[in-house]
Amino acid sequence: MVHATASSEAIDPDDVTVAYVGGGSRQWAPNLIQDLAQSGLDGRVRLYDEYEESAKRNARFGNWVQSREGAVADWTYEAAESLAGALAGADIVVLSTQYDPAETFVHDLDVPRRYGIYGAVSATIGPGGIMRAMRTVPLYREFAAAIAERCPDAWVFNYTNPVHFVTRALYDEYPDINALGLCHEVLGTRHRLARYAREHLGMADATREDVSVNVKGINHFTWVDEARCKGVDLWPTLEELRDGEEGHQEFTASDLADESVFVDNWQVTWELFRQFGILPAAGDRHLVEYATWFIQDGKEGLNRWGVKRTGSDYRAKHWTPAESEQTTDVDAWMAGDREFELTESNEVFVDIAETLAGDGSYVTNLNLPNVGQVSDLQDDAIVETNAVVRAGEVKPVAAGGFPRPVRALVRGHVETIETVIEASADGDLDAAFEGFLIDQQVRTLQTEAARELFAELVDIQREYLESWDLEESTVLAGSSACSVD
Amino acid sequence: MVHATASSEAIDPDDVTVAYVGGGSRQWAPNLIQDLAQSGLDGRVRLYDEYEESAKRNARFGNWVQSREGAVADWTYEAAESLAGALAGADIVVLSTQYDPAETFVHDLDVPRRYGIYGAVSATIGPGGIMRAMRTVPLYREFAAAIAERCPDAWVFNYTNPVHFVTRALYDEYPDINALGLCHEVLGTRHRLARYAREHLGMADATREDVSVNVKGINHFTWVDEARCKGVDLWPTLEELRDGEEGHQEFTASDLADESVFVDNWQVTWELFRQFGILPAAGDRHLVEYATWFIQDGKEGLNRWGVKRTGSDYRAKHWTPAESEQTTDVDAWMAGDREFELTESNEVFVDIAETLAGDGSYVTNLNLPNVGQVSDLQDDAIVETNAVVRAGEVKPVAAGGFPRPVRALVRGHVETIETVIEASADGDLDAAFEGFLIDQQVRTLQTEAARELFAELVDIQREYLESWDLEESTVLAGSSACSVD
Amino acid sequence: MVHATASSEAIDPDDVTVAYVGGGSRQWAPNLIQDLAQSGLDGRVRLYDEYEESAKRNARFGNWVQSREGAVADWTYEAAESLAGALAGADIVVLSTQYDPAETFVHDLDVPRRYGIYGAVSATIGPGGIMRAMRTVPLYREFAAAIAERCPDAWVFNYTNPVHFVTRALYDEYPDINALGLCHEVLGTRHRLARYAREHLGMADATREDVSVNVKGINHFTWVDEARCKGVDLWPTLEELRDGEEGHQEFTASDLADESVFVDNWQVTWELFRQFGILPAAGDRHLVEYATWFIQDGKEGLNRWGVKRTGSDYRAKHWTPAESEQTTDVDAWMAGDREFELTESNEVFVDIAETLAGDGSYVTNLNLPNVGQVSDLQDDAIVETNAVVRAGEVKPVAAGGFPRPVRALVRGHVETIETVIEASADGDLDAAFEGFLIDQQVRTLQTEAARELFAELVDIQREYLESWDLEESTVLAGSSACSVD
Amino acid sequence: MVHATASSEAIDPDDVTVAYVGGGSRQWAPNLIQDLAQSGLDGRVRLYDEYEESAKRNARFGNWVQSREGAVADWTYEAAESLAGALAGADIVVLSTQYDPAETFVHDLDVPRRYGIYGAVSATIGPGGIMRAMRTVPLYREFAAAIAERCPDAWVFNYTNPVHFVTRALYDEYPDINALGLCHEVLGTRHRLARYAREHLGMADATREDVSVNVKGINHFTWVDEARCKGVDLWPTLEELRDGEEGHQEFTASDLADESVFVDNWQVTWELFRQFGILPAAGDRHLVEYATWFIQDGKEGLNRWGVKRTGSDYRAKHWTPAESEQTTDVDAWMAGDREFELTESNEVFVDIAETLAGDGSYVTNLNLPNVGQVSDLQDDAIVETNAVVRAGEVKPVAAGGFPRPVRALVRGHVETIETVIEASADGDLDAAFEGFLIDQQVRTLQTEAARELFAELVDIQREYLESWDLEESTVLAGSSACSVD
């Protein structure tokens, strides 16, 4: 029970070693590089990626940025040839990978849909989310084991989805890991609340940083029961908006035709807030996968709340690392084909890292093992609440519990996650299927159909599921969907 | 926490006072009368019913039975004019009523079906079961209050469905009540297991009484993880049957055409046993309302497992007290138009009552507030496990917990029950709707459709929902289904 | 969480194999032999003992008894040469040993006394009880491991003290063991309550069997909050006795001069009942070691409550296996030097065994791992409550919780027990000392004195503590009481 | 479970209303006045005291300070005539009273000592601490009720001891109160750790503010399992000091002769750290009353650890409000008889208040109801951990649990506190005695002696115990120590 720190060393702000696993990324890595260049920290970053060329390109870009205007900090970059080499003695590890190809994500969307399951994103829960977890978790167990060996005291920032599954796997594999699961959704809620404060409370300069919320739940299914802007209670304003026109908009497919798949009209948020008296704090497209009423009428039912479903064509295009077009075209920048200006991302990574290495305290939402911060959920489940960061430590903030009906919803998803993680420890596919079967989205199927769906998904993605015991699986054997060799 | 018995008196087996609320019943009362006539107990029974004539007829029958051959015990019967009069000083109270007319039960079946919810019985969970609970619970709060006043130490046998909701309401209203919730489903499972012992283990004379099970769950969603016949483990036999032909039968509508609605082919039982490694112990028609995968494909989907849906025509006919034909035609018996022979029912009522008043111990399944007998469920929820009855006491037997996926299913229903019961304390209709909304069957609807369904059911049954605050309800006000006056 | 019985076979009442570990005993074995001779079971008993001669003598006696009048059952006896041989395929294992010599028990009494700790028995808790546990637990881990290998499904009856420590160790070593911890104290309470029923309620023939109690706690510190005789509530009678002369007797040393050390005047019982409203159910001499107020004034303080301290001279004489005089002198019986008449002991062993092998149900108090039967204590701790025995199964009865102050007392002892058991898993002496230090009796010492007492006890008994890591112990190293070689 | 803020308004830093109950204090009030004068807040302070003259004097002083050099903030002071008037509409309430006269505290020390209980301070636990709680708690229930009526959303700073009892009573009386219990002990530990960082880690300028600890427990019995200075782990240094000379000092009475009663040699701290691997974080003189081994050998035993007992003569002199000499002689300052220089206290009050009214976050230890921040202790108990303060909110930081033996100690005291608080709700003296009886210090007495001690203390302080039902008390009636009129 006691967690005494026996050996972790303080991070020296002038000499920070960062290992970036997935460092070949086109979007995150350039952002991080720019944030670091403007930070109060100096050091080196080792970029590691299965696609070594990408890591090398980002390393070149990182070193190139150092010479740009505004780059006040002193950083060097290199591509690491091995995971072990990247991790050795690191103070900070960033985990942000996406190695399974876009087609797997397309399957995650399209196969369940054929069974009538109309998930909006299909990436963190529901049949698609669970499959993604099953593809990802074994790799992250390997990362955790390598961290235990190479840099056991490092601070590990996990950005990889599904954040709850993946972070849970890290702790399950190496219980003493100092891992933080990060996500933008709650930041987005605070951003929006700042807008409401500006528009309805005359707080003209209010920004996300001025908004504090008491947040709790699991990643992508977080809830807020207190919200303030510069100390002013936002609750009465939110209730007014909810009960007025703002909270009662209906949408049609044509309304949304030109919108991005990321459009968020908050109508799911308002509806859940109205129903349960507590405000959801994740994008509507995520919420509908956990509060599954909203996906029960297919496309029309979803659109009515202003939510678009991620199209598989979109995904096929955008999730393919090698071909996606990006705003962060580092080659173009370096070649001078595109004008470069050092910008700050909205990430909290640097805020956290500076505080860990420095002084003061910094409060933000983080995904951490439950030690009591959410009183209604089981110990060790990865929950999302505020946490307070200080030099050398991160501690979750006690956030209390839920109204009973919301508690029931959240707990249901925790059971699925815990079942799958436990199954992943020894690759027991049938045990994982039990978590799949009790998933809220899957409960609209007959058991036999659920088994068929699972088998079909496993079969089509089997090359990415090598850590699972497919041979001995009863579910696969019993399913006509699956041609076991 | 301590529950010391300060004042309850032992029941004198020669002088037992029974108050039978709902004593005008055509089926249960004649059975009880015959069981008592053959018991080791003597005393008096006061029959109370909203339909006083029915109570009087049963009283005449009761006294008439005393003169029949085989009636060894000494009992007198009278119809009570008031509830208070019936209860005054009673040692035992039987609660078994059905005052809401058959048409309400028809609505419970038919209205949800129009919304695509194909409940098989619709009487203890799901939209219909919740409505029935909402009609019944206020009356049982009144019963509990009257018991607290008139016979606070009496043993209260509740047979009225939904047993979990109703028994919970009794305890919520009068926490010191000695109430037992009774049900046949687990007895039915033991009966069937005895048959398997006869057929597959050569135990030719095995009966229900020889079969012991470790049972746990909530009423109509109970599970067994140990089963023996005369001490012989039945598990290997059950696993064999499950994995063989017996456990893999498929049915079509025509197979079931001539079957009673009560037909139980155990295919849902085998499927759940196969999936979770723990054996359900309630009729398949009940199980499918709690393990809702099975009702996801309408009539065909249900029939495939050998389950028939209770037709509303059947119900209209059979649940109407005044018109149902019965095997227990007391007038015909008394007039000599039908031959009468004293028979024993399969009820455990007399076994329990004799043990309470006598010696030895008797083990049977009972629905009681959780004080730890089911380790996975919350305190105070009404759970069903074995209990041991002895002179003057009934104690639940510790039954342990569930495999995680089953736990998730059971807990979900407990949340609905607890939400509705809490709402019933002050008739808060909107709070009750939250329990309705998170019900597993309802989760296949959009929130707006769920609200509409609820409003329609409430509206059509409003004369039986007088204890609920319909005027202030947001759910009703917001629904087009409901014409609030 | 689920505990499904996969393979245990029913006990055939005509063919029972009993392994009796400690079967050379002079008192228990002859009793058991006589009980079996009059039972409804037939079979064979293998007696195993470190003192093989004693086992052989008892085997001869067992076979001799078969020819006596009244010996209706058919049993054969043999001395087993090895533990493994005794256990192989056994249906029932009896554990009842006392291998550490009387002098160790003398030390358990006398050494703490020199430090001002005036334990009355010093055999199940307090410094002496903990030392005894430390000598005994390693051996019982070996027994458990052997049972796991030789007769994994056997029913194991543990009579060896300290029952809570020892039974806990059996389960810690082999979690699937079917072990029951047995003790007479609650039976003694029921015996006394029957006397009160005879004397004060006119129930002339009331016996222990007529008395039912709701019992809960840990062995030797059990409490009763309901008590009935033939269903009649004994509580009002008990309160009257408590508040009258019966409950307010004072004793002096001379009053007790001629009494046995086992004298029980119930004044501790009444005092605790008066204080907390719940009745203790163990002998006063045991209670005072758990409710330590009573041992705070040395001999005089103890005698005032009618309790005698076990003298070390008594113990030296009576706990020496080889030399104790006994009522059960089997050699004299067999030689015809003493008249033999088959008698029944008050043990419940045969009642339990008959029920396990037969039919019906039998309720008695047993020490079992907590799965919820005591709601206030942690899971897995060995707690004592009623249990219901049926063919092939034993299940604890849910007994509820305690008034808060009693809960505080009981929990404190559980913490000591759990700490020592956990320490015993790898023989960590310093960790065991932490359990010793927080023991209620030890808390009257300074920490340094506690360490010295512990070291002195360990040093003087070191030949019986071979499984503990004495070399690495900080406690021993730091203490002047201990001459580490 | 949910705690949504519906109506609390942000504190305007330019217009803060403070109600100071106990505002006549000689020490705290002048400190607070000086701190406010140098703060970033403006507003008014209403001083309320039973001794109205003292409040008026402090009001004069407060207004006088405004004109001193360095008084940058704008504050006005007034003495309030009534509690209601002081509280009306307050943003902040300070509770800091000591109305029971010094003689009661002398009794708290001296009477238990006659029974052999050698408490070092006797002011927050043990017989004296419990008596103080019993005198104080009823008054604080009145304060809580008045706050609920006059300023329900105010932030309430409770400084009054025993902080755990008193803060618990505030919440028990008015569950929605925003009350914080404050104490210096953990600040003292951080102060000392900063010194170690300076002396042993070469961090020359380290101060208390640089030291962060993970603290948990109950007030005056708090524990630390992580400690850092500017992020550098202090644990290895602390272990070295503990195991070396620093941690192994012995003291005699003569060593301490000239020391203040507040002397803290940390030998109790080192000994407990050595024993349990977790560092206590309260003064040794407090620790010994909770870890009672240290008070088991009277004066000598206590002195050996470098702890002096608070003499009753000292207390008689210093705790008498009217006569104590002080460093904060406001009359002398105002008259010019003593030179005045505006100084800052070490209190965190202004830091907290500024953060509540402003921006950023501030972390400090606070006593708050447990909602999970200490995972090993029961909900609602007042526990001490870090909390993070932000504009309009205070949230506890999740601190985890304890090693089992420490958990056992802490829980024991929580049981006493909860028992007494529950008893205080309706003034049940006998119920309070149960909390007294299970107190660790009291367990060295026989039950009869404990009853006598309690009765004697109650009798001698009965004029300060008017809210308790002395008439109906069995404990008083049965004791010879108490002359019930």
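The chains carry the letters A, B, C and D, assigned in the order they are written, with residues numbered from 1 in each.
Convention: a contact is a pair of C-beta atoms (placed from the backbone, for glycine too) under 8 Å apart; a residue touches a chain by one contact, two chains touch by 3 or more.
As the structure is a prediction and not an experimental result, all values here were calculated from the model.
Novice: Need the most distant chain from chain B, centre defined as the mean of C-alpha atoms.
Specialist: Relative to chain B, the chain with the farthest C-alpha centre is D.
Novice: Please compute the C-alpha centroid of chain A, do the same for chain D, then give the distance between them in whole Å.
Specialist: Each chain's C-alpha centroid was found; their separation is 43 Å.
Novice: Quick check: how many Å separate the C-alpha centres of chain A and chain C?
Specialist: 55
Novice: Send over the residues of chain C in touch with two or more other chains.
Specialist: Expected reply: 403-404, 407.
Novice: Write out all the pairs of touching chains, ordered by chain label.
Specialist: Pairs flagged as touching, ordered by label: A-B, A-D, B-C, C-D.
Novice: Of all residues in chain A, which touch chain D in the complex?
Specialist: For chain A paired with chain D, touching residues are 1-11, 210, 212, 214, 225-226, 228, 230-233, 235-236, 277-278, 356-363, 371-376, 379, 386, 388, 390-393, 395-404, 407.
Novice: Inside the complex, what are the residues of chain D that reach chain C?
Specialist: 271, 275-276, 292-294, 296-297, 301, 403-405, 407-409, 411-412, 415-416, 418-419, 422, 434-435, 437-438, 440, 443-447, 449-450
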